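Below you'll find the structures, each written out as structure tokens.
First subunit A sits with subunit B, and in the next complex the same chain sits with subunit C.
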Partner chain A sequence: MNVNILVTGALYSSQSAYSALRFCQAAVAAGHSISQVFFYQDGVTQANLYSLPLDDEFDAVNSWVRFSQQTSTPLVVCVSAGERRGLMSDEQVLEHHLGRNAAIDSNGSAHSQFSVAGLGVLHQASLDSERMVTFK
Partner chain B sequence: MVINRSWHEQVALFEPLCFAQSGDTILLLEDAVLAMQSPITLASFLAKCQANQISVAALLDDCRLRGIDNKYPQIDLVDYTGYVDLVIAHDKQVAW
Partner chain C sequence: MSAKKYLYVITKAPYSNAAGIEALDAILIGASFELDVSVLFLHNGVFQLKDNQDIGVKDSSLPNVKQFTKTYKALEDFGVNQLYVQDQSLDARGLSESDLIVPAKLIDSQSIKVLVSEHDQVFTF
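Coming up: the complex of A and B.
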């Protein structure tokens, strides 16, 4: 069965990253497919390239990246929720001329494994999927 | 339905009961499993679920992480594979 995942919980202040990732791994192991993982509201923080947890802690961002690479599951970040929270791709940084400010790194803060898109992508995936599961 | 907040937020535990229907399953996830440490609150919750033919489950991993034993035969402990099975078995999921 095709399952669409919506994640809205913030990195490290909620358990949503761990719960959602474990659910996705179990679903794939059971023979189901994850159509996409959509990060919305505070969930966009789970795409932050500059998140550097200690070595013995759960590394949510890189765990998502590994899962995506191993299973070819798309990871999608909501564009406007990301921009509100300073989570942007390289292209967005250039588009908003943030690179001109020497205090701001010209590289985007969103990991390149995550694509940035609008809510229409979530809407389409929810229409195309048989189940939708939310992690807050 | 999935509840992931502590029972201390009383609404989080009881509000879904206003919407749940016969045949639904309520899964206690993350901090929601802490309700299993409160016999009086949980007894009231389980009685309402039983009266409305609503099943109750709790995520085993979250119980273990919080050192909680299941003393309630009405609550099914499920692992993440069981969580996936619940999602497949029910058409819709609502996160509370």
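Coming up: the complex of A and C.
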């Protein structure tokens, strides 16, 4: 079965990343595929490159990156929800002139394993999937 | 092939968080995909449709807050005209059908089960 995942809970303060990741791993192990993981609302914070949990804590951002690399699952952050919360790619930082040195700075806050796209991508993936599962 | 049926469920009150604004964004995208879109207001979500909301937009000394709930009245223009409100959620909050800014069908818990099963996808906010 092809499953589309929607994650809307915040990084660290909610358990949505942990639950969603465990679900994704179990689904893949059972022979299903995850069409994409889409991050919306506070879920966009789970792409934050600058998150530094303590060593003995769950590292959501890097866990998503590893899962994506191992299974070739696309991770997609909503562009509008991200911009509202300061979560941006290098290109967006340049486009909006937000770097400390606008001419050369392009330190986006979104990890490069996450792509930034619109809600249309979420809807297209949900049309192409048999199930959509939301983690709040 | 007939259009796929998408149900958007809003469970949070407006202004305490961005759930309503971000649900509306998703609903409008769904409508642009020419899906058969329904919206269900549940629990504190019924406050999204409360009429006579005054968040002080006319007072220029206050920080500017967008009165986004007006957008619910415009949903019809985007082809979204199936709005549902759970009757128990209204009753429990001392509201009635006449308090709503836009016409919506009152629906009980049993009918919500049917509503959900009739839709291809459900987004909950």
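We take it that the second predicted complex is superposed on the first by the 129 of 136 C-alpha atoms of A that agree within 3 Å, B and C clash if a C-alpha of one lies under 4 Å from a C-alpha of the other, contacts with A are read in each partner's own complex, and residues count from 1 in each chain.
Basically, contacts are C-beta pairs under 8 Å (C-beta built on N, C-alpha and C of every residue); 3 or more make two chains touch, one makes a residue touch a chain.
Every value quoted in this text rests on a predicted model; they were computed, and no experiment measured them.
**Q** With both complexes overlaid on chain A, does A:H123 touch subunit B (first), subunit C (second), both or neither?
**A** So A:H123 only meets subunit C here.
**Q** Using the touch definition from the top, say if A:Y40 reaches subunit B (first), subunit C (second), both or neither.
**A** A:Y40 contacts subunit C only, not subunit B.
**Q** Tell me the contact category for A:M1 with respect to subunit B and subunit C: first, second, both or neither.
**A** first
**Q** I'd like to know which partner A:V133 touches here: subunit B for first, subunit C for second, both or neither.
**A** first
**Q** Contacts for A:A81 in the overlay, against subunit B (first) and subunit C (second): which applies, first, second, both or neither?
**A** The answer is second: A:A81 touches subunit C but not subunit B.
**Q** Both subunit B and subunit C contact which residues of subunit A?
**A** 132, 134, 136
**Q** Hey, which residues of subunit B end up touching subunit A in the complex?
**A** Listed in rising order, the residues of subunit B that touch subunit A are 2, 4, 29-31, 61-62, 79-81, 83-85, 87-88, 91-95.
**Q** For the complex, give me every residue of subunit A touching subunit B.
**A** The touching residues are 1, 3, 15, 19, 22-23, 25-27, 29-30, 32, 131-136.
**Q** Quick check: in the complex, which residue numbers of subunit A touch subunit C?
**A** Spelled out, the residues of subunit A in touch with subunit C are 6, 8, 40-41, 80-81, 84, 118-120, 122-124, 126-127, 132, 134, 136.
**Q** Name, in rising order, each residue of subunit C that touches subunit A in their complex.
**A** Spelled out, the residues of subunit C in touch with subunit A are 4, 6, 18-19, 22, 25-26, 29-30, 32-33, 35, 121-125.
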